[in-house]
Amino acid sequence: MPPIDTLVYSIGLAGVAAQAAAGVLEAGNKRFDLFGMIVVALSASLGGGSLRDMLLDRRVFWIADQSYLVTAVLAALAAFALARVMRLPARLFLLPDAIGLALFTVSGTQAALALDAPWLVASVMGVITGAFGGIVRDVLCNEVPLVFSGALYATASWAGALLLVALTTLDVAHAWSALLAGSLTLALRLAAIHFGWHLPLFRARL
Amino acid sequence: MPPIDTLVYSIGLAGVAAQAAAGVLEAGNKRFDLFGMIVVALSASLGGGSLRDMLLDRRVFWIADQSYLVTAVLAALAAFALARVMRLPARLFLLPDAIGLALFTVSGTQAALALDAPWLVASVMGVITGAFGGIVRDVLCNEVPLVFSGALYATASWAGALLLVALTTLDVAHAWSALLAGSLTLALRLAAIHFGWHLPLFRARL
Amino acid sequence: MPPIDTLVYSIGLAGVAAQAAAGVLEAGNKRFDLFGMIVVALSASLGGGSLRDMLLDRRVFWIADQSYLVTAVLAALAAFALARVMRLPARLFLLPDAIGLALFTVSGTQAALALDAPWLVASVMGVITGAFGGIVRDVLCNEVPLVFSGALYATASWAGALLLVALTTLDVAHAWSALLAGSLTLALRLAAIHFGWHLPLFRARL
């Protein structure tokens, strides 16, 4: 693999690991056993890409390449072991999780564009890839998904996905458009965490 | 497109819009942000057809034709905007939602029959297409699905689907069988809402 | 069909029936109507295999062969009727449910191995096939999945799946490896129920 692909691949594995570890911490708030936590971790880290691949009728990525599954299981076990001996700050995983979000958004959008999906579909596919895992994680833990009220999680993903679609339409080189779109998602998400940005919450008057 | 197809297509878009708007109102009972509401609206309006297409290994309908996705997003935004300035009665969406249910039931059953699915499978596929979106919506809102205790929602869908299968077996013309089956679903659902019909609720003695 | 295949096929149908009946009893703790219970029963009994087939891009098993769907619906109706006239002990379904778990684990792992999936993927596919239905059932009932804290449910499944992968790698005959792996899952699960074995529960210190 050329160095740039190796880098992207490694970041992808790191993103999977971060989302798996964050899944374990979420599951740890409930009384799950070791296996339950691994299931939540796998759902959180592999769920978005799995839904993307099933919707697009592609080979599911973690079935085609076992590394993602091995990484997710090991990261879940490591987070489990660490959390038993020390207090893990939840913030520890925010940066790698945000990097994973950015990368999954880019990869999901690119996969849809490669199949000639129209622009809105492609951007939604990026958001699904980035954010669906967190939704499944919270549903399994029987909570209202944090993604729906959190600090611009999916919004950051959608902004990056739309930028990627726009740059691709403008024929910007593949690598540059991916870098710019991923950076936008990452910057928006990190800024939102730091400054406490939220979309306004809404309550219907029924 | 011939006029009849244009009509069916338009009703389909209207059904998607109604279920998306109803999803926004449901999400509005929780404290979701704008994005969370759009996710719930998209799940409610596109979830059933997506599961049908993944199960039947067909091209997912909203990926093949972006109009559905655009319609769902616009309907969600419109419902959101309206709900902020005025009190929207939940009943407002009951009629278009019922039309959507009838249409999705017919389209789901026909899609399965076209792939030579056996009769029970075809009818279940109609129910999945019509009712699964509402189940996902309620699961995302962390509530027990209304479909499971509501006014003949899925029951009306199943009755229409079974009628469609029977009429197709009897070689009734495509358009007529679709019209009759859709009308049965619509009439049953509206009558159930009007007269407060429910299946008996059940509580196991464990 | 040769006698052994008939036997395996019959056990598979029995497993589907047991998980459907167990689903009805679970749904009966909520106030669902008849239709809601059938949906929960179908999700519990067919959900795992459906996800397996969608992930592996195979024809979904209950669409290809209607017997599974008919069996699940009939078992759900029978459990519903029985539960209305007498007190059904939940333990009644533990043995057939455990047999179903063992059989689904074996069939899921074998299906993945037949598609040349790597070892960890194949074993996870066995666990998905065996345990995912129970997860969906509990999510639909708006409860934290029992699988995550129960008596070695998924753990027994994973142990059997890993044994099957190992035996297949060692070129043990198909029928023998399936029998041994299924027996391991069944024995582990039944022993865990009898002796009250649990994995240690975990609560993160956040």
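Letters A, B and C mark the chains as written, and numbering starts fresh at 1 in each.
Going forward, contacts are C-beta pairs under 8 Å (C-beta built on N, C-alpha and C of every residue); 3 or more make two chains touch, one makes a residue touch a chain.
Because the structure is predicted, anything quoted here is derived from the model rather than measured.
If each chain is drawn as a node and touching chains are joined, the picture has every node linked to every other. For the pair chain A and chain C, the fraction of shared interface numbers is less than half, so the two copies use mostly different residues to meet.
One finds 29 Å separating the Cα centroids of chain A and chain C.
The set of chain C residues touching two or more other chains comprises 54, 57, 139, 142.
Against chain C, the residues of chain B that register as touching in their complex are 54-57, 112, 117-121, 124, 135, 139, 142-145, 147-149, 154-155, 158, 198-206. Across the complex, chain C meets chain B through its residues 24-25, 27-37, 39-40, 42, 50, 54, 57, 59-60, 62-63, 66, 69-70, 73, 80, 83-84, 87-90, 139-142.
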